[in-house]
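Have a look at the structure below before the remarks.
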Amino acid sequence: MSFDWMKIPYALLTVFIVFNYGLLLGAFIQKIGARAGRRYGIPVWQNYVDLIKNYGQRTSITHGVMFYLGPVFRLTGGIGLLLFVPTIYGSYMFSNLSFAGDLILALYFVFFGTLGMALGAGESGHPHAAIGITRGLSQVSVAELPFALAVFAVALQYQTLSVTDIVAAQQGGVLNWTLFTNPLAVAAAMLAFLGSMMRPPFDVVIAPQEIPIGPPTEYHSAYLALMQTNRAIFPVAKMVIYMNLFFGGATSWPEFAVKVFLLYLFSAFVGVCFPRFRVEQSIRWFLIWAVPLGVQAILWV
Amino acid sequence: MISLAQMAMAAGFVLILIGFYGALTQRNLLRMIVAFSLANTGVHIVLVAVGHMRGRTAPILDAAVPVADALTRVIDPVPQALVLTAIVIGLGVTALMLAYALKLHARKHTLDIAKMTELKW
Amino acid sequence: MIKRAIALLLTLAVGALFASLLVGYVPDSELNHTARYYAERTAEDIGAANIVTAIIVTYRGLDTLGEVTVLFISAAIVGLVLAQGRVLNNAPNNAPRQTRAPVSELLSTGSRVLTPLILLLGVYVFVNGHLTPGGGFQGGAIVASGMLLLLLADPLKQFSHRLIAVLESLSGLLFVGIGVLGVLLAGGFLDNRLLPIGTLGELFSAGVIPVIYSLIGLKVGAEFSSMLASLSETNHTENSEET
Amino acid sequence: MVSALHIITAALAAAFLLGLLKEQQRGLAYGITLLTLALMSWISAGWLWTFASTGTAAVEIFTAGTEPPFAINLRIGLAEAALTLLINLVGLLSALALKDTLLALGRRAMAVWLVAVMALSGIVLTRDLFNLFVFFELTVIASAGLVLLSEHAKNDGQALAAGFKYLIVSQFISAFLLIGIIFAYHATGTLNIDDMAAAAPLLGGGAAQAFALAFFLIFIAVVAELKPFPANGWALDIYESAHPAFSALFSAATGAAALFAVDKLLLIGGDAWLPMATGIGIVTFVAANLLALPQTNDRRLLGYSSIAQTGLILAVLGQRDILGEHTLYIAGGLLLSHAIAKAGLYWLSGLIAERGLEAWAALRGQPLLIFAFVSFISMLSGLPPFPGFYAKWELIHLLAGEGRIVLLGLILFGALLEAGYLFRWFGYIMKREAPTEVVDNVAHKFGAVFATLAALAAAWALSLVWGELAGLQFDRFNMLLALPLLFALAFLLLDWLPVWVKNSLAIAGLLAWFYLTYTEYDPLRMIFAVIFLIGGSLTLLASYHEHGRRIGFYPSAMLMFAGLAMLIRATDSFDFFVAWELLTVGSYFLILRGKHSEPHALSYILFSLGGAFLILAGFALATQGAPYFDLAALADLVQPLAPWVFLLLAIGFMTKTAAIGLHIWLPGAHAEAETDVSPMVSGILLKAGLYGLIVLLLTMGRQDFYGVELINAMLWIGALTALIGNLLAIFQEDAKRLLAYSSIGQMGYAMFGLALMNHLGWLMALMFVINHYVYKSMLFLSVGGVAKRTGTRQMYRMGGLITLMPLSFIATLIGIIAVSGVPPLSGFGGRWIFYNAILTAEARLPMILIFLAGPIAFLYLFRLIYTIFLGQLKDEFRRVKEAPFWIVLPQMIYVAILLVVAVVPGLVLRHVDAYLNHFFPNGGLIWEGTTITSQFGYWNPVAIMIIVGVIFMTLFAWLLFVNRRAQKVKQFNIVFSAERPFRPETTHFAWNFFAPYRKALGFLTLPLVTLFWSTMTDLLHTAGDLARRFYTGNGQTYAFHLLAFVVIVYLFGMGVRP
């Protein structure tokens, strides 16, 4: 098999676009959240500033090999997720490296970063790291459940695991979107979406005011920079999957921008409206509300 | 009409039952042994009664019963032989039980069977 | 009294079983084929006038051997049981014995007169077992009753265990030996035709039956005596243990 | 040939002769006794040899020079010769074991002993009904006397009371017997058994009725000598109080003789009486085993077991109408097994100072005696290669062939109960605190030891004989001579060698066997062959770390491997089942070796035997009476039988794969096993169950059971097993338990895959088979190594071991990545196929369930690595070293395998995929370059590896570069909560790790299944404990029982009779 070497620069281009879009989008959403709370909020370029600062810093401490690997896993997960899914439907340029695997691979890359993060934070010197990890893993795993179920419902619906095929099946009008052909799956997935975005009400995992845990407190300087990079890429990559699976995909960058923004806005909207859950509360919440929806989705496709 | 043999047999059975009942209800070892002796006797009577035949005589060939007539004159000799064996065996067992009872009394200073229950379950 | 009620119930149930046996019993009007064989052939084959004896000693000789063995081991076990807890070595008891008031003159004299007679009667009964009612067991029992009489008259009387044992064993051995000889020299185990069967009705007839019956008589007498002796001795020792 | 009559005359002559000796000549008397018993044995042996070698007909022995029926006659044939040999030998050996007692009590005791043995032979030989009675009475009297042999040593009057109780009961029995005999004589005019058997059917009308009644009395009286439930309290008291050497005779010889007497009686009575015998027998079997459960006194326990076994054989005799000519083989096999084992155990009990079952722990220092014990209980439980196994096999098959299913079920249930208490006892021996007083002076008890060892030798010799007989009967090879089994048994003889020699031998053996046989396997079997044999030798590498001799390990392990090796080569049901039993037993002994594994090993063997019995029943049903069948013939079964067979076999196999509901044995058994045993029993042994399921599904496929598609049920079970297994795993604090629960989950996946019954599903299952072997072996070794070094398996006590045990860490890391299926490692391949496969599931709900299990697996795996290797190091483990080389080595090999398979999954997968096309032509994978395509999606392992690798390494390298001057922070160089921690304990929160999950979902992990099974066992125990209370110990009560028994049987039995 001959490998198409042009895929590599194209893929890097995708990463670059998404990275920038993600940084801006993150700041923008944060600002909206602040305004909703009657605060002024950060400037839109704030994320760039933070990132440059952190990349510029050097640390003199480490906690061991796994500590290094945490951010590496995290970012690999984000970039991998992005690259294994075609970003723009029908575009050879932005189909990325999706020839390597299908939806299942993508799904696993959602977990990939989490695993690495948990391992890395685990080796940190902080004794309370375990608490953060527990909460994080518990919540993320249960939040991903309805999503995975929804994905499966979709795969069953279209009888394929290939993202491209799924998007292809949704072309030809808004009513062909999974949103309308399989609303249950979408509903389940959207609830899961809330949980995986680490925004309120499901942000106790990274909540700085609880106890000093969570990645931001464990990592600093270049470590943190990598994670911030991931923060820009990973949510967008995830939303790309949502978009592709449920909302007809995107045939152009503007369509991409709008759909991702709206998705992001959804989570921000919910976030400002609801108080924070404790972890076992969120587990129950997902199991009671989201998982049954996912189950129904699979049963009724 | 009821023959002698049947009457004897009935008596034997009754003896057995009396013996059984006694063995089941008497708690004294010696009384139990007596009850068993009764029952044994009953068994022996039944044994003999089964072999009895009306109007015939003991199976001993002598002047009264010549060899030629034996077939029609004597009763069935087999039960008589069996009962002898049964009696002797019963005797042996009774002797044994008596010896045990004696020894048990010496050991436990009681003859009450209900008090010899260390082994159970 | 639940226990008695159940006992009664069980007894009645067994009684019902017996009753159906009784009801179903029809006396034979003629001898069955086994009995007929004995009635017809005993005189000719065995030569014993007493058919029952022929059956006991010859036809069903194995039963009788077993019977004798029952008595033998009963005596042995009685001896064992009663010996336990005593000095294990059963050698002549040299310890000074408790003396009781002497028995009455009348009793001891009477027993001395009667015992030989009883013994004689016993011997007669077992020697004539093949001719007349009676036989080794009956004779043996009579012999033992003589011993009992002696014991009753003088409870402290000592028998020679050794003598009893030798008598018992020897007669037993001979019994088995004659039986085996039957296998070797005649038609089978305990075949009485080791010796000529003689004339029906005579003392020396019926082959080895008189011999065997005599041995049985001796053996039974010895065994009963041994049991009696064991029991009576135990009584003393147990009593003495308690006092 | 010396006439068999002389068995009797010799004994009598000797007994009388003893009377001539002086009381002091005890040595001489003892010598005569032994000589006589030896002579009697010799006579029997001569006859046995004649009959066995020449096959001549039985020989009649006339007495009194007169032919039967007019004189008593004896008969000796094959059965009689064997039984008298058994009786006389037991008599001889017991006399040896009784040496001290007999010498102390003198000639009278010896004479009684001789008479007892003689009378038992007489019961066997005689053909005369009344003569039978005489011998019975002799037995009774002699037994009542011999009970007292124990009084000599204990002198507490218990034996005396027991003897008296026996006499009471025997009085009733002899009354019934006599009355019965006389009326039977009256009805038929004969006392000869054969004559009566000929005459009885000719009777008509009232005579027939009278005869039936008389026969009932005879029958019930003789049966009462067999100690039937409930009329057996007296026998138990005897067993408990008598001298064990006498109990050996009482159990082995008396039981055998009485059974033979019943057999003769049944000849007279004819088939009409068989149901009664069966009924009494089976009730006794089940009840006695049930009552034995709560026993704590060893001899009484053995008594219950004796009674049970006798009951079983009685039931077998009662099945003569369908067993036909096989009766001798079956009843004989059971009887000899029972007799030898029970005699052996009683002799062994003579070596034990105390009467509690735990006191037998004293045997622990005596490997030979332990081996004897094991052989005996295996014999009693009907395990191969002992005669009882063949007997049970045939019995069950014939019963199933005739549709006597209830009886079959009861027999298996009773056998399971029996195995329960026997193996529990063995657990006590191996694991309980040995009493201070060890086996008291083995040299002093030479007789008992000699007798035990003789029984041991007889046990194995008989196995050989029965194997040969089975061979003659079905025209097959003696299984005891199967090479793998011989190889395993050879380790018994080599046990004195040091570990490294034996280990090398074992590895060489496994590899050599693979080399010898590898051409025979199709790809499917090849997978299992590689896992069992090559995989087995890989795990055995870890065993090099042990020093010394490791007594008992290699015979057990090689027994298991022998079973596994034979399993995949088995083509018919018999071979398959033999292999199945062997691997079960071998693995049980292996598991039992763990330090705290006693209860878990017990539940393992019980579940396994239960499962094995179901398999046996399934096979038996499937054959419809034939002795065995080709496994491929399962495919030919039709309704309505097929679904039943399927159900039985499937449940049987699923006990081995620990399907939900049958899983409770697994966590303890796998977790408590030794370090190198866990990977064997988890990574390798579990596959045996899957193999069984595969064979089953390949042949039988889909079955409809009253409208339920059984495959769907299995789908559900698989899914639930996966979910619950995983869920339970996340809450474990014990690392090995966590892995064990994880195995349950993994087996659930595999079952689910198989139940899909399509190409992808099977591919997935086989991937799980391979992957599970690799990573579970690796993880168990890794965790085992850690546990070995730290001395604990509680994860929350560990932490921070990454720097101290880096290799173990790497293995665990790779392992969990592989298990959770995170790309790019090989686990992903399995997962990818898995997700593709479940897309094909028609039943959506189980699919969802199994889907839910996925993320949960991820949680427990993370916990495993995190709590052990990351986090805070504990003070006490600061000096812990890396695990021993030999434990690490296989792990590294597994790591290499995982990496290779990750890149080129086609290495194995491709062949399996191609092979599966035979069975499921549709839905296979398409292999195109490095891309693998299914009907749903695609996957390119090489590309993934490269892409992920590049991104990962780039970032890692960069991070390392920018932080090149960073220093490692010391453990306590931190501040939190405004304090500096000084002790690691204050810094670890790994206990109750997934607390939020527990709070949210804890109700799902309630040990309901454990509760169910423990309630079941408790119920059985309580039932047994309550029921046995009716053995009040009062001799009179026993008389009540006897009469009640007679009356009840009369009411039931005579009512049923035509």
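By written order: A, B, C and D. Residues from 1 in each chain.
Convention: contacts are C-beta pairs under 8 Å (C-beta built on N, C-alpha and C of every residue); 3 or more make two chains touch, one makes a residue touch a chain.
Here the structure is a predicted model, which means the values were calculated and not measured.
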Identify the chain pair with more contacting C-beta pairs: A-D or B-D. A-D
As a quick test, compute the distance in whole Å between the mean CA positions of chain A and chain D. 54
CA centroid of chain A to CA centroid of chain B, Å: 99
Where the centres are mean C-alpha positions, what is the separation of chain B from chain D, in Å? 50
If you average the CA atoms of chain B and of chain C, how many Å lie between those two points? 16
Of all residues in chain D, the ones touching two or more other chains: 130, 134, 137, 141, 144-145, 160, 179, 183, 186, 191, 1040, 1043
Could you tell me which residues belong to chain C and also touch two or more other chains? 7, 10-11, 14, 18, 21, 25, 28, 32, 34-35, 38, 60, 63, 66-67, 70, 73-74, 77, 81, 84-85
I need the residues of chain A touching at least two other chains; which ones are they? none
Where do chains touch, given as pairs? A-D, B-C, B-D, C-D
Residue ranges of chain D in contact with chain C within the complex: 3, 5-6, 8-9, 12-13, 15-20, 23-24, 61-66, 69-72, 104-106, 108-109, 111-112, 115, 119, 122, 126, 128, 130-131, 134-135, 137-138, 141-142, 144-145, 148, 151-152, 155, 160, 179, 183, 186, 188-191, 206-207, 209-210, 213-214, 217, 1040, 1043-1044, 1046-1047, 1050
In their shared complex, at which residues does chain A touch chain D? 1, 58-66, 68-69, 71-73, 75-76, 79-80, 83-84, 97, 99-105, 108-109, 111-112, 115, 118-119, 122-123, 125-131, 133-135, 137-139, 141-142, 144-145, 148-149, 152, 155-156, 159-162, 212, 221-223, 226, 278-280, 283-284, 287, 291, 294-295, 298-299
Residue set of chain C touching chain D in the complex reads 6-7, 10-11, 13-14, 17-18, 20-21, 24-26, 28, 32-35, 37-38, 41, 45, 58-63, 65-67, 69-70, 72-74, 76-77, 79-81, 84-85, 88-91, 165-166, 168-170, 172-173, 175-177, 179-180, 182-183, 186-193
Note: in the complex, chain D contacts chain A through residues 802-803, 813, 817, 820-823, 828, 831-832, 835-836, 839, 844-845, 847-848, 851-852, 854-856, 858-859, 862, 865-866, 870-872, 929-931, 934, 936-940, 943-944, 947-948, 951-952, 955-956, 959-960, 962-963, 965-969, 971, 973-974, 976, 981, 986-990, 993-997, 999-1001
For chain C, which residues count as touching chain B in their complex? 3-4, 7-8, 10-11, 14-15, 18-19, 21-22, 25, 27-32, 34-36, 38-40, 42-44, 49-52, 55-56, 60, 63-64, 66-67, 70-71, 73-75, 77-78, 81-82, 84-85, 131-133, 135, 137, 200-201, 220, 227, 230-231, 234-235, 238, 241
